[in-house]
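In what comes next, chain A is part of two complexes: it sits with chain B in the first one and with chain C in the second one.
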Partner chain A sequence: MGRARDIRLAYLLLAPALILLVTALAYPIGWEIWTSLTDLSPLNEGPTAFVGLENYRRLAADPAFWRAATITVVFAAVTCAVKLALGLGLALLLARPFRGRALVFMAIFLPWAYPASVSVIGWYWTLSPPIPTAYSVFMGNMKYAVDSALGGGAWAFLSVTLFNIWRGSSFVGVFLLAGINAIPPELFECAALESKSAWRRFWLVTVPLLKPFLALAVFLALTTAFADLANVWMLTAGRIVYPVIGTHAYWLAIHGGQFGPASALSLALAPFLIAVLFLLFRMFDPPEREPA
Partner chain B sequence: MNPRSWWRKLGHGSLLLAATVYCVFPIYFMLVQSLKTAQEDVFGNPLIVMNPTLENFAELFEQHGESRGFIGRTLRRSYPVLDWIENTIIVFAGSVAVTLVASLLAAYALGRLRPPGFRWWRRIIFASYVIPHTILFVPLYQVVITLHLENNLLALLAVYPTLALPFCVWILSAYFQHLPRSVEESALVEGASRATAFFRILLPMSRPVIVAAGIFALGTIASDFTLASVFLLDAHNKTIPAGLATMEVALDELLAVAGINLMAIPVVLICAVFARGYVRGLTAAMVEGA
Partner chain C sequence: MAQVMMKDLNKKYDEVHAVKDVNLHIRDKEFIVLVGPSGCGKSTTLRMVAGLEEITAGEITIGDRVVNDLPPKDRDIAMVFQNYALYPHMTVYDNMAFGLKMRKFPKPEIAKRVGDAAEILGIQELLKRKPRQLSGGQRQRVAVGRAIVRHPQVFLFDEPLSNLDAKLRVQMRVELKRLHERLETTAIYVTHDQVEAMTLGDRVVVMKDGWIQQVGEPLELYGKPANRFVAGFIGSPSMNFVDVTVADASGALWVETAGLRVKVPPALSGRLGAYKSQHVTLGIRPEDLRVASGSDSADYSFDTVVEVVEPLGSEILLDLKAGPNVIVARVEPTVRVKHGDKMRLALHPERVRFFDNKTELAI
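On to the complex of A and B.
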């Protein structure tokens, strides 16, 4: 069995996955990069013109863009940090055996297993009830208090944030639990002999050992942060007043017919995502040892 | 028992309690609402249900004609819930199957056959996970139209697998890559083909990791609501989440909550059955790879 044949077989087996990714990710991104350099719009008469970086230049001059970008990045960063902290806490809580561990594990697994596509509907309408129910007065008062302190739409935005944290911390918790299980327990036992302070042990042993898994968890948490945001935004037809980049671009394209600027706006997040990816790969994908 | 360890136990116990309540309360709350009558929904205690009833679930399936009568002057529409259930099962089962097959093949190629530059292939595939689908709606919709899949369940079957594929390829290939060569070699030496070695030896060995990948795929796909509601327009073609979003919450709040539970309970049960296997599979992939 020749090496050349193996390589050909490898590419053949990679094909289905690559075809899917190219159709649903690579092609759309390519289209967006190209479109962001043009003034493509169904409203335009005549052929589409190449406008270079004009769309980007206009974005950079628009204070509304910087506000949306800040909100998006802060949302992603804050939810990730909180999900990581809570998830790590949940994982450490479950790390050692105790009576009833299976039950607590199941409880912690639930928020992620409960499909977000529908729990987001329940969660959102519960926090902002559209009709009088037994809890609507309480929720209405909360909304009033938060909105008057932080501006209109703040309560709705807060509810998405809380939802994402609730669901994401469950995922991160279970994920890190699997990571802790993958670390040989001797390493933790040695650490226990070395240092009596649980706090020092946490920072000097647990965190460094879990570092690759923490980085992976950030990576996975980041995607759900955007997905949940989109879910709520679609659900409420844009009633969330806080502008965020992805959904705002969709609005601009579908309702404004401005595909060029919308694509530029969509891609504005790219530098942020690439920077995060670069950092994370350095953390969880160390130069590989050659397998024996 | 010395007092210090007693305090410790109490602290640990209350932390566990807090964690459990934090995780379960919203789910409990939604379940309780779905079991209420309209009367109790407005005047009862929000946290408990005194006279549990399944009438909201029953009403969900009632389909007499186009409407269910009037409230005041407002027409209450009826919804094709049975169609939604069928669509959801087709889409979810199909997408998870496509995800698993495509990622097993790719993972085998990257982890065992190792074509030149296989590390970069893995990194690129995994990196694609971070791209939010939210920024790709317009071109994705164009792809769907080019393939003549608008308003068709097949559109979701083409897009959903890419939601979980990068992660599944990553954990499966990490697991395959660090299995020793000898695992297959004895079979290959005895004249078995690569395919036989794969199906007879590698696949059974990696069952926990496949379970983990499958549960991850199911959880990820089940959490999408946006793509379903963008691509499926006709009321009869919707999946449960996309359909529920078209309900008028102001009129049918209890019905919508019942629908939420109708979809959630089977998914949660499937996940719960495989929950331990999920953790075991993730651990196996992390020990071998990461």
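On to the complex of A and C.
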């Protein structure tokens, strides 16, 4: 009797969390997976048909998909690596006391702290200033040079990449700084007693101690790069020459009305991403054997 | 093994003058303890020896080298930190071997040294574990082991036992002492615990507000404190201090205040003569008071009322009042008293101390 009531109470107490999880996560994901297996589209006359893996099969045969997938992976990997390097550098710089540190901290954190739309406009004007000056002429020439060397749209894509790095390094830097501050200073001091080489101390002590934070930073950097749709769209105003999975899927679904293929497209890289995240999770919380 | 010299050592931060004109000669093989309340500059002094803090002014010599401008790594010291500072991502073995690896010792030599240290400390079984799988006492041993394997000229200990529970602290204290007797390496040990200081130190340095108050062997600090601060800091429970007036009566010096009047012991009357009809501070240790018996001279005893009784088993601590003055006395466990009882206390005349009220120096 009592036990049955306890169990009911337990479910009752769990209910808010479960409802939130189901409505906010499980339902949309489930719906998307289901949609990717159908020909759902507002343009279809008849009833929505279940088409199995047809959408995925077509994707695999579509060179446009492979192009978008490659761009996405390269975009994510490159931005992630650069953000990590820059962010770690900034964090190490800010970890030591110096005059004006608060100001530098503010300057570094600003790109992230501002709303994306404002940052985007700031960035846009950095690259194509609204007022004609020697600088704007120079930037115009840069765009021309890059686009004629690498093809139209290259400058725009470079801009998107740099924007992602600019804003992401800011976040990664502040995030890793918090990580460094969470490590007892004695661990660094102890290393200073044993080695003069800052480089060796960095690799043997700082990096291993920061590993959980680095893993989490990679995780966040990767997911934001993979899901980066809004910034690409805002910076290019939809004139996208180098589509990533996100923009390609958006185009397909919202402009083309093809919900089924678009869902399949947006899910296509999920297994890859999940595998990477799984590895990262093991890094930031490695299972450890308890003492015998 | 080496001596350590500190000459006119000073440390200033932006606002704080943390260490002031410290002069100290630590002899080879000596175990010296820096003790004082928090903020007294003891840790800063130690960290300057280690090279973790820059020296504002003055000079530190280890062996025969001035180390002011040497990086920590080249000072040939090993330090044990309060929170152990073990690397969570390394095994016990790797933690202990860390310094040697950084110095590129050959592997067999590292293995031998770690093995020897582990044996001395009784942690051979733990070498493959990670720090998080160890108890506090075990971690402390590993931290000590990491220092031992380096065979440094000087050991630096920064409150190494403060994170341990009381029982373990006493046990580790004994082990550290045994270890020092075995290794005979010069050691500088920082603590805020006067019991640790007294039991471990060959000599003890008492610090306050950045100044050295007194340097001496433990019993010297206890028996002949240089000033009121040292007198109150060393010994537990603390020395009783009573503000008294020096008076001349019937050819002898007396000190008196409301509820208390005792004769100045002959040995001190010469020096106290200069303070006639002035205020001085009388210091009596709780253990130098006893329940007065008929044979005790009236010159060295006074009446009190019992306020609080604290039986500790081996002894009883009494909080008493002599007039308005609060006095703590440590008496035999057989004494039977309760709150409100009247009691006459006698003191050891030769153990009474007097302090100048202005300079706080011992008279």
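Here, the second predicted complex is superposed on the first by the 239 of 292 C-alpha atoms of A that agree within 3 Å, B and C clash if a C-alpha of one lies under 4 Å from a C-alpha of the other, contacts with A are read in each partner's own complex, and residues count from 1 in each chain.
Going forward, contacts are C-beta pairs under 8 Å (C-beta built on N, C-alpha and C of every residue); 3 or more make two chains touch, one makes a residue touch a chain.
What you are looking at is a predicted structure, and each value in this text was computed from that prediction instead of being measured.
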item: Touched partner set for A:Ala61, first chain B, second chain C, both or neither; value: neither
item: First, second, both or neither for A:Cys190, with chain B first and chain C second; value: second
item: Per-residue touch tally on chain A - higher for chain B or for chain C; value: B
item: Chain B versus chain C as contact partner of A:Pro208, first or second or both or neither; value: second
item: Contacts of A:Val174 with chain B and chain C, given as first, second, both or neither; value: first
item: First, second, both or neither for A:Arg200, with chain B first and chain C second; value: second
item: Overlap of chain C and chain B interfaces on chain A (superposed complexes); value: 288, 291
item: Footprint of chain A on chain B - complex, ascending; value: 12, 15-16, 19-20, 22-24, 26-27, 29-30, 33, 40-46, 98, 101-103, 105-106, 108-110, 113-116, 118-119, 121, 123, 125, 127-140, 142-143, 158-159, 161-162, 165-167, 169, 177-178, 188, 194, 219, 222-226, 228-230, 240-241, 244-245, 249-250, 253, 256-257, 259-260, 263-264, 267-268, 271-272, 275, 278-280, 282-283, 286-287, 290
item: Residue ranges of chain A touching chain C (in the complex, touch as defined); value: 184, 186-187, 189-196, 200, 204-205, 208-209, 211, 288-291
item: Residues of chain A touching chain B in the complex; value: 1, 6-7, 9-14, 16-18, 20-21, 23-29, 31-32, 35, 89-90, 93, 98, 100, 103-123, 125-126, 129-135, 138, 166-167, 170-171, 174-175, 177-179, 181-182, 212-213, 216, 219-220, 222-224, 226-231, 234-235, 245-247, 249-250, 253-254, 259, 262-263, 266-267, 269, 273, 276-277, 281, 284-285, 288, 291
item: Contact set on chain C toward chain A in their complex; value: 50-52, 71-74, 77-79, 81-83, 85, 87-89, 98-99, 102-103, 129-130, 132-134
